[in-house]
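Worksheet: one structure, shown below.
Letters A, B, C and D mark the chains in the order given here, with residues in each chain numbered from 1 onward.
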Amino acid sequence: MQQPLTEEKVFKDPVHNYIHVQDTVIWRLINTKEFQRLRRIRQLGTTYLTFHGAEHSRFSHSLGVYEITRRIISQFERSGYKDWIPEERLLTLCAALLHDLGHGPFSHSIEEAFQMNHEDWTCRIILEDTGITEILQEVEEDFPQKVASVICKKYEHDIVVNLVSSPLDADRMDYLLRDAYYTGVNYGTIDIDRILRVLRPYHGRVVVKESGMHAIEDYLMSRYQMYWQVYFHPVTRSSEIILRQVFRRAKQLFQKGYSFRFMVEPLTDFFRGGINVQQYLQLDEALVQATFMQWASESDELLSDLCSRFIHRKLYKYVEMESLDMETIDEIRRSFAAAGLHPEYDLEIDFPTDLPYDVFRPGEGFHGKQILLLDRQERLREISEVSDIVRSISGIHRGRYHLYYPQDKLERALPMLPDSIKELFEIR
Amino acid sequence: MQQPLTEEKVFKDPVHNYIHVQDTVIWRLINTKEFQRLRRIRQLGTTYLTFHGAEHSRFSHSLGVYEITRRIISQFERSGYKDWIPEERLLTLCAALLHDLGHGPFSHSIEEAFQMNHEDWTCRIILEDTGITEILQEVEEDFPQKVASVICKKYEHDIVVNLVSSPLDADRMDYLLRDAYYTGVNYGTIDIDRILRVLRPYHGRVVVKESGMHAIEDYLMSRYQMYWQVYFHPVTRSSEIILRQVFRRAKQLFQKGYSFRFMVEPLTDFFRGGINVQQYLQLDEALVQATFMQWASESDELLSDLCSRFIHRKLYKYVEMESLDMETIDEIRRSFAAAGLHPEYDLEIDFPTDLPYDVFRPGEGFHGKQILLLDRQERLREISEVSDIVRSISGIHRGRYHLYYPQDKLERALPMLPDSIKELFEIR
Amino acid sequence: MQQPLTEEKVFKDPVHNYIHVQDTVIWRLINTKEFQRLRRIRQLGTTYLTFHGAEHSRFSHSLGVYEITRRIISQFERSGYKDWIPEERLLTLCAALLHDLGHGPFSHSIEEAFQMNHEDWTCRIILEDTGITEILQEVEEDFPQKVASVICKKYEHDIVVNLVSSPLDADRMDYLLRDAYYTGVNYGTIDIDRILRVLRPYHGRVVVKESGMHAIEDYLMSRYQMYWQVYFHPVTRSSEIILRQVFRRAKQLFQKGYSFRFMVEPLTDFFRGGINVQQYLQLDEALVQATFMQWASESDELLSDLCSRFIHRKLYKYVEMESLDMETIDEIRRSFAAAGLHPEYDLEIDFPTDLPYDVFRPGEGFHGKQILLLDRQERLREISEVSDIVRSISGIHRGRYHLYYPQDKLERALPMLPDSIKELFEIR
Amino acid sequence: MQQPLTEEKVFKDPVHNYIHVQDTVIWRLINTKEFQRLRRIRQLGTTYLTFHGAEHSRFSHSLGVYEITRRIISQFERSGYKDWIPEERLLTLCAALLHDLGHGPFSHSIEEAFQMNHEDWTCRIILEDTGITEILQEVEEDFPQKVASVICKKYEHDIVVNLVSSPLDADRMDYLLRDAYYTGVNYGTIDIDRILRVLRPYHGRVVVKESGMHAIEDYLMSRYQMYWQVYFHPVTRSSEIILRQVFRRAKQLFQKGYSFRFMVEPLTDFFRGGINVQQYLQLDEALVQATFMQWASESDELLSDLCSRFIHRKLYKYVEMESLDMETIDEIRRSFAAAGLHPEYDLEIDFPTDLPYDVFRPGEGFHGKQILLLDRQERLREISEVSDIVRSISGIHRGRYHLYYPQDKLERALPMLPDSIKELFEIR
């Protein structure tokens, strides 16, 4: 099982050109139904409603993370770095490949609505008697536990954890490149070859040779740009809000005993709050979309309207505000209620924020969230100590309030809304 | 309605960088639910099971075809070519945008199984009282009819038809570029800017200035390569075969009165053979995938096995043969039946073929399937008369027989199969 | 003369795909020997000795600047912006095309050594009876003066000057893209289509629509990265230093009456300090390189050594220092002299610095060095007021001292150098 | 000397991203003045006068050929192919790096005018006591001889020769990619990663795994397109003709004892026909261009006119003819002479031709000019036996006669030319 394949297999990939598979274990993992399921989960959730090209799946991304990890390790081995542990190669590759296995359909929204966590599901799928578990056990009895502990950041060898989760991990590198490629937004184009060349294992973690500082600056800037151009795009947020509202409403109705025109397993158990791994694996975006299409004809008007909005892309509009206090919010909700609008569903407030890079704060010690530079004298320094650029962007908190609302409903309620509200929503 | 937008709108597109929308009509058509439905139909059907990157939708492609058409027309107008009819701009753009509107989920397979035709559905959606019809009628009462007639190649002005359907149309140019981009196969990369520069309207059709001959040679070679590398890829064909078998089996069961564990509208009417436009618009790939996932637990073994294969990507294997006669096929089917295999479902024969370019045959006159070069003396010549390359690839019939079969079943039936069959399928 | 060409001409360009020439004047200007001379002047001087791909000429760059300007204007015209002056189109294009006409061979170094200025030469070539002058005069008697005044930033219409010289001008956009392309360094890849879309003429200058802020942030970061990765690369600086030393030495020798083994017109007049336009136009990099090759056999050892170093790329090494005071410099020079090294030629000190973007300082008013954003309420704001990123990088002064020296000579002088010096130069 | 470098060195390259140097010998060879000289010889001669981007040097190309060879060998070693001889690695890399060392300035034209051969010069530079010879001798006393014999295709191990010169060698792959990149013509973009993956050493030569056939088809088509789009471009041919005429005229004048206004070593010995290696190494394109600039003021009108044409890009025009017989040529020359034109210099006839791929002809045996496919049964077949495309393009002889002439002179001589000639040259 730990043997290499007799002949290397490749997947053609638009981002990395080829994904190289050299181990029987990896090949078999890819062919499990648990891993194939990731083809039915989009990498960027509803972002395709904003950037039509972004229809790629977590399957593609997972292969990409695996491939970058493979290249990093292969670079470590070729350079003969002594701080790398060659025995951990297969473990690292498996963890890289499988780290997103537990993602559900439109996970950001579903996790929020149902208070779940995809990492937990990843570990359960690895550990609880699936096709994945079986293959990993053939390597070693406790190999599934090892893989899971790497993904949960608890594995004994930090260097392995560091490769899979850190501010410079293969996950982030692949998604920046891949999301840039599929959206067509070229800000995410990082010099991956250069970055790979400057990484080094050093005392249990991956550090960066000082000569590579500019490549890292560029990487952090790309990350920042992708957040604001793509990940936090207000149209995408709008579609996520509607999605969350659908889930919320359906759960409320289910709990109230509403009789759904369309309902199918494993959704009932899911609403009940108790699905097992086998049921979880049946959840995918095809199911969600097909269900929403059916629910667009439900008798509950709120649910059918929300589903119809999502399926036909009639999203909420938004206004942007620099500041917003509780009082104003309350006032809006009151006015909405008075005008016959739903104070909860017809107004959502969003405040996206991202810290491009967390700086080292003296006294805190080095921790996993930092990028360390290694100079020729083998001194380690946190990157923001050396780079003006990183220092200057670290800690930038950007973000504005966005108020989302259904424009058509608001327009219908117009005569009943006070002028202050009309002004706020720029409706005349 | 025929007015331009007050401000041009753009879609970010990874292939064309930006898609420019300048007309209110186009903007409104894109926002109909009929057009948004194309987001739920993949451009390349099951190809994503072979090239994992190819998850793009017909929505993206339709925008691309529109954009290329817009650029061609804008080039015509800038050059002041007198054989172009400026009044036909909007009609041409609408036809380009909508030409794929009637595609169903996994259309190649579904059309074969149900003997339908997506072009008919395109015209019905345009003509039968949908949101699309309404918008087009606002332009002119009979504008829906005009758009449909362009798509059906019956419109009075040939130049319009020619832009939308011809061997050098915007459809082909976009799909070559787009499919190459998403699969990562770089053979499809054509020099679109160059091609656009050398197109000219001339006596009711689009011809090519002679100086552009090499760009066209390159385009025809790219087309040829994409056919053999991507569109006819045996793994994709394998998944299409399974898909067709699912549809075929489900239809048989439905007609026999089998009681499905899972069945939902509009599938029942679809199997009955009589759905209307509104029902057709509910068909999408989410529905098909969600249904297959449910059917993977049907009691009919054949159906559940086929669905499970499709969802979990356990495809049929294949052997390739240079030639194959009816006698051999009969022999295989007989042996299969004798060994307990299904003579119909456990063996499918495929013979993909493509003519890279149909040559002009003297005496036939010029027709729509030809590419004509216009030289400085304003003489028209069919490209294969001038280009050695095109002449030499024209009429190349390539193709081999592929026999597809479920390997696991064959292996189980092995003891009962004659040696000749074992040899044929390279099983020992 | 002001007529458009009967048929648009194109140049194939790897950066912009095609350069479109639509005016007879532009076509004729490109074909003058004055403009063709730019083929023999490299865009990045000696940078090809660091990045071997960077062998592109000012000819290519000048075409690129012209093309970007053409696209901006064409965008202005299509959008019907009323603050653009359509009559200035040809003038702007001519100024864009010709703005680098006066660059001499390896201009950075030659200008420093001979205290000249390429802008002066550009204007002289435009004004003093060359083929260029003649073509421009055919447009209008004082057209040469107008073109020159745009280049010298004195033309009456600010918007024209602004297009040709400003922090967002076509010059900078082309060189970032082009230098990135030819060096292979991908940090310079900016989204030019996006930037062009967000530019607007407004009250006599080019401003940026607020929605384009991120594209400008990205552009400023790219600029910053290109400065530190490419333009200030220490190996390039080393070659420039040698070049300057050659010119300096040759001038000294010439003034002392040294009899050169090889000397050719117009170099003698050049050393004498009085060449005219016709002579200046004979200066190119072929002449410089051929001369250096000959001078590598001069009897003056310093000159022949320097020339040989340049031609055969035996550059100076360098050490980097965070700080450096006059005292230390004096000490090094004294020690060098004492050890038989040349205190002037064997040690050069360099301190490259760049301000990525100059912020607006309140009270200074808007001036040409700023980038202004125009929001929907038609308010103008300087970009660093709005963008955290720009604010944080503005005013970053980076830079370290670099000491350049001939390693072989230093090693030979080693026994005579004090330990402090050895340590400084990391020689043991 | 045969040791690896302590740390791998890289060159940033726009085509291959990075060129990796791992051996001390390679590093030292690159830094010789003989190799650095290639920076002053353009890869595509005068092509930059047609495609302004094509200003790249043989230095870049030589590094590229080295890098592709390194990747092929590294792929051979990783796959453990037993038909590869690991001991020949360094020899192969040296031969790949140095194979173009003997190219002179504008070599196609200079070689034709002086009946020299760059391969001979390559071998002389390797063998006759240069910096190159010295470094190679440190590997092994007869290593220079070995390297030279590989380049001359006489080395005992065919596989080494085959890697450096064959229809699929690293030389061709690099120049297709590089020339496409610098000209901006995208027809040359081949899938190098794919090609490298399908190469295999087999019985003393490099063959192609059958699964790679389409990649090779694409490669041969790209080669064909680049020949007709770039290498045979009539404007480039025009500049080459002028260049050849300059050399021819200068040689005639020199032999007649003409006293040149400008003449410099080693040109005199070169015209005399007897330069040695050291003198040859001083020939570069800077010298040629600087000389032509000076000769543009020579008293010999023919010479000064030709030089001026070359420097200022006032090239010959051409007419294209499908066929041309000796009689017509004689007639033109006679008419030219009668009209005061130079029958030899004012008319040049060119007939470019290329065979995209030489087919195997049965009975000839396999030889170096063929591409062989290896199928799963380890059968070797010449590619045109298997590929319809290759068969159909093999043996295509394309080519038309081009008559080049100085248009201005012809126009002046117009009254004295017979109508038949005027018609031929399309002058009215």
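Worth a mention:
Assume contacts are C-beta pairs under 8 Å (C-beta built on N, C-alpha and C of every residue); 3 or more make two chains touch, one makes a residue touch a chain.
For clarity, every value in this text was computed on a predicted model and none was experimentally measured.
Chain centres were defined as the mean of their Cα atoms; on that basis the chain farthest from chain B turns out to be C. Of the two chain pairs examined here, A-B and A-D, the one linked by more C-beta pairs in contact is A-B. Each chain gets a centre from the mean of its Cα atoms; for chain A and chain C, those two points are 44 Å apart.
One finds 32 Å separating the Cα centroids of chain A and chain B.
The mean-CA centres of chain A and chain D are about 51 angstrom from one another, to the nearest whole unit.
Contact with two or more other chains is made by residues 17 of chain C.
Interface residues of chain C, counted against chain B in their complex, comprise 8, 10, 17-18, 79, 193, 197. Residues 186-187, 189, 191, 214, 217-218, 221, 224-225, 228-229, 388-389, 392-393, 396, 398 of chain C are the ones touching chain A in the complex. On chain C, the positions that touch chain D within their shared complex are 11-15, 17, 31, 33, 36, 39-40, 48-49, 51-53, 55-57, 59-60, 63, 181-185, 262, 264, 282, 284-291, 293-294, 311-313.
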